[in-house]
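Okay, so subunit A shows up in both of these, paired with subunit B first and subunit C after.
Right, the complex of A and B next:
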């Protein structure tokens, strides 16, 4: 079963991203929203974890990235989606797990 | 696809109410059916009609009311969470002997069964919160 995981906390504030990454199965997608978008930037240990994760897709909510001025710091391999893309991800996966 | 939304965070707290609103709007625009929007925990604070944010800021409660009116949304507020936080409709205010109610247009107060039903009836349940 392919799950869409949403993470809305910065990995420097909360451990939900780490827990999610540890439990996400192959074929699932982790969508970074709200303060979770900090995980999608370069230059820190979290970026390495994303780079080394195989079998899992990563996406980030573009408007939240822009609201924080982070468009220029986006790490490779992370797909930027808008709200419409968020809805599409929800429909493309079997269920949604929100890590709050 | 039939989608339901759960909102667990109050407006102007972090970002969950805004994200939930934008997501709901996008889902409707994409042609999906929103079966229900359920407000739980501090999320019930989205349902007050007495919030007066500065004029250059968005009015989150009013945004929900408008979206509900345009799309005939079913927006349900958890009764136990609402009573704790002073969100009252006219019937509840009267039953509790209070002198005022504050529920915004388009919201209705009901029980947790409505969330369970939303989970069963919808293809997807998306939760937004703190």
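Right, the complex of A and C next:
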């Protein structure tokens, strides 16, 4: 059983990302969307948490990253997907947990 | 009518919610009333000013170019909190270069963004007559 988690809140504004990370098991994927994409950039405390969560895969929705002007600050090891890639991730996992 | 000091405090990232766009609209409307206007960008609000925003793929209006027009409306005191940038791994280089032309100085082009510490910003807020929060 592998879950796809989606997070749409900034990690600096809400504890949604932390809650998700605490409940995500190894083998699951966390997809960062909307304001959640701010977690995917470098140079802050959240980037360290992602780096240390080695059993979890991280992905970010490219269109949301581009909208915010942050493509150039993407951290290593985070896969960029488009809307089709989002759908593919959904099909590859057993269920989706949309953290709101 | 006496001139009052207006401060617009921006604390939300753009696009995920409507606050950033609404604030900008209110600032532009307010600019018509010849008041002493300042803007502050705190917390996730600093993300409003990042350069290179491209919203084509999310189907929303990219309102970031509008910030560069603020100087033409005599809105040229844009305070960005240093700690907020640092906490997010950003520097001034990641933000748009916003300028205004000083008519009292032969239209010299000057920077609108003032990078201030949290303590300095507290003092700026303390001087205001009216504070609007977004």
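Keep this in mind: the second predicted complex is superposed on the first by the 100 of 100 C-alpha atoms of A that agree within 3 Å, B and C clash if a C-alpha of one lies under 4 Å from a C-alpha of the other, contacts with A are read in each partner's own complex, and residues count from 1 in each chain.
Operating definition for what follows: contacts are C-beta pairs under 8 Å (C-beta built on N, C-alpha and C of every residue); 3 or more make two chains touch, one makes a residue touch a chain.
Quick caveat, the model's predicted, so the values are computed rather than measured.
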Inset, instruction - Please work out whether A:10 is in contact with subunit B alone, subunit C alone, both, or neither, and reply first, second, both or neither. - result: second
Inset, instruction - Answer with first, second, both or neither: which of subunit B and subunit C does A:87 touch in the superposed model? - result: first
Inset, instruction - Scan A:100 for contacts with subunit B and subunit C and give back first, second, both or neither. - result: first
Inset, instruction - Kindly classify A:42 by the partners it touches after superposition: subunit B alone (first), subunit C alone (second), both, or neither? - result: second
Inset, instruction - Examine A:52 and indicate which partner it touches, taking first as subunit B and second as subunit C; both and neither are also allowed. - result: neither
Inset, instruction - Report the partner of subunit A that touches more of its residues: subunit B or subunit C. - result: C
Legend entry - Partner chain in contact with A:73 - subunit B first, subunit C second, else both or neither: second
Inset, instruction - Pick one for A:64: touches subunit B only (first), subunit C only (second), both, or neither. - result: both
Legend entry - subunit A residues contacted in one complex by subunit B, in the other by subunit C: 8, 34-35, 63-64, 82
Legend entry - subunit A-touching residues of subunit C, taken from the complex the two chains share: 12-17, 43-44, 47, 50-58, 60, 62, 64, 87-90, 94
Inset, instruction - Using the touch rule from the top, collect the residues of subunit B that touch subunit A in their complex. - result: 1, 3, 8, 14-16, 19, 22-23, 25-27, 29-30, 32, 123-130
Legend entry - Contact set on subunit A toward subunit B in their complex: 6, 8, 33-35, 61, 63-64, 82-84, 86-88, 90-91, 95-96, 98, 100
Legend entry - subunit C partner contacts - residues on subunit A that touch it in the complex: 8-10, 12-13, 34-35, 38, 41-45, 47, 62-64, 66-73, 82
